[in-house]
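Given below, in the form of structure tokens, are the structures.
Two complexes come next, and they have one chain in common, chain A, joined by chain B in the first and chain C in the second.
Right after this comes the complex of A and B.
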């Protein structure tokens, strides 16, 4: 999962754009309860990740994301899907 | 000015058993971001107008503007999360509003009731609207606009943010009436307090200063071209005036039912004693008519139960445009005569547009608090043919008891506030 620096880059977005303390960025951290992100933050986080990684996360899957692990997994899936797309 | 005038000098009801006292002030402007700094600038005749090279580079006819140069949102308790939903005028308004609440000695718990609310004047939030459309054009999907633009782009961004953050449960709306927005907001708030519908209202106005907001206004060709001398550019009533200078910021007043304020033992700056409003109804949008201004001023005096000779000072709307200033001079002359001291603080601040009526109520309250009339800087000579009025171009020590504050806007919307400072002047 750590391949391609996905975790570092996602965490960087959370620290820089959402002022999340690095110590809170644990794999099982809940986006709302642990990181304090609200529904508006969730919208902006997905947009920031998509712009950062150049991919598009499925809206239904994005709504189901609850933890940082879900984010990392979603980004991985998104990148793989992009890589498999015909150019 | 006489020491005692009929009907003044006591904080008692003249036209209503409930009166709207001013118990707190807050101001973020091109001439300062604290009450004392702004008062000193007004007394000293200091200008907040600059030449903005960016405006010249993007194609403005006039690059002059007022600039709120010392404003840092985080210093006013505005966090990243708050900035998501606050565009520039909402930030200014929040800073001014929290300053005004502190000045009034009110804590959040004191105003978290249905008897307390927020009413502000504002008439645009251009920049976030422009930005969101730029994003859409670049990415071809609204999804990429993100969450905050809708809240930043609405005129009501100010009051939606303030009410949510401050926890007020009463009035919660933004009033749009062009350059009279702030004055109408104060007038409407006064009426709600007098009618017994609200006890405490945080009122004011705010105005964005970004160039995006002023591009279409610049296109009208009404901004001053005296660009080599920014501090001399805005010269209301002067025969040499050549246009207005846009500006902005945020202004807030705490209006509080008088007996409640007296029971708290808080400082009372004055009373919003009268409010007059009118519409020119003249068939055009931007050629002011003296008849509308006269009607608003007379209505304010009547509402306050005051006579013209009780007025010690007029804070004029005068923006430094040839037609507007001429029209207002006629109105002042007709309603009050030639002797009453008149100044337009826009000569220093520039035209604070949607917030002007509120900021000028703050400026006038500071003059009353500190015992002076601010100068109409850059005024040298009145137009030939203009009815005589007493434009003061130097600061005058004065105990203002009663002041009128005029505000007029596109579409012929007119507002006049009658402010009674007799309790602190006596």
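Right after this comes the complex of A and C.
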């Protein structure tokens, strides 16, 4: 999947599921300070992303995600790992 | 007339309990040493003057104890109330001492009657882990000991606000414990650790009656509005892990009863529907908690102002 596709789908999850204004969805937006997501929202977001992209983000990577850019990168890795693993 | 406290959701974090226990590391060391080296019955005896001291000098704890005991029908004259608070403190002390011995590695003299462990086993078979929601009732920490029998890793979610020397002391006492601790540290890390443990099919035990860094819901409890954490129920709804309400009550010297209720499924990915599902889940938890503490009225241990003060509002 292209980078643009990932960004579009992650942003879609944030707008539809978390009611976040599109204008806030910038690459360097911080999940807590800028988007107002608390720790439960962050778990919720990871679960929604895992469902949406059909892959699993590991705990260490999830904990390290601070910005939207981190999320996009994490999803990219998650998709690549999934594609590389035996079905 | 003061306005009655309203029921509803509250996204503020609950700060009524500061996470620290009394006694300090020296007091804890004395009791732990006596309980382990000399004997639990001697340690129980030593609790009596300590409980008496608390009744006389620990005004906040006494007030909280009386406030709770009155709601479970243990009010009465000044003397009766003082006596009941004394018994309440003694029960609490005995549970803490039992915990030291059981989790410290010597459970052989204790008997555990088990009601409903099959509910946990059946919930585990779903492969999504199990979220146990418990309360500060009886020997709640002994649930982890009982759960060793299901042969699945157990994770207990706990506060780390205890004084560092007290925490270090109990870390040494409990170094052989059979469960892992997920520490609530004010970050999102514990939520991810809980999610990961459930994804591995493990058991995660959380308290449903004390909000530490979690949004709360104000709902009737023993007849009056009180604040309960939404976090455990939210995690169940997000992850899809089955929830089992579990309580461990002290039924006598060296005897406990473990009770687990049938599993519940809260799985709900739609956030707009989740509000109602979580509220209903908290209501069911409160019903089970009330049922339990009416059976064991001296065994609910939250010695702070649990019921929301009147006028403290910002509810929907």
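Here are a few things to note about the model shown:
What we mean here is this: the second predicted complex is superposed on the first by the 84 of 87 C-alpha atoms of A that agree within 3 Å, B and C clash if a C-alpha of one lies under 4 Å from a C-alpha of the other, contacts with A are read in each partner's own complex, and residues count from 1 in each chain.
One rule holds for everything that comes next: a contact is a pair of C-beta atoms (placed from the backbone, for glycine too) under 8 Å apart; a residue touches a chain by one contact, two chains touch by 3 or more.
The shown structure was predicted, so the numbers you read here are calculated from the model rather than taken from an experiment.
Taken together in the superposed arrangement on chain A, chain B and chain C clash. Shared-chain residue A:63: touches chain C; no touch with chain B.
In the superposed model, A:15 lies in contact with neither chain B nor chain C.
When the shared chain is aligned, no partner comes close enough to touch A:79: not chain B, not chain C.
By the touch criterion defined above, A:47 reaches both chain B and chain C.
Between chain B and chain C, the partner in contact with more residues of chain A is C.
By the touch criterion defined above, A:24 lies against neither chain B nor chain C after alignment on the C-alpha atoms of chain A. After superposing the two complexes on chain A, the stretch of chain B that clashes with chain C is 150-158, out of 150-158, 204-212, 294-302 or 402-410. In the three-chain superposition model, chain A touches both chain B and chain C at residues 18, 39-40, 43-44, 47, 51, 59. Only residues 17-18, 38-40, 42-44, 46-48, 51, 56, 58-59, 62-63 of chain A touch chain C when the two sit together in their complex. Within the complex formed with chain B, the chain A residues making contact are 18-19, 39-41, 43-44, 47, 50-51, 59.
Across the interface of their complex, chain A is touched by residues 80-81, 84-85, 143-144, 146-148 of chain B. Of all the residues in chain C, the ones that touch chain A in their complex are 187-196, 199, 213-215, 231, 234-235, 238-239, 269, 271.
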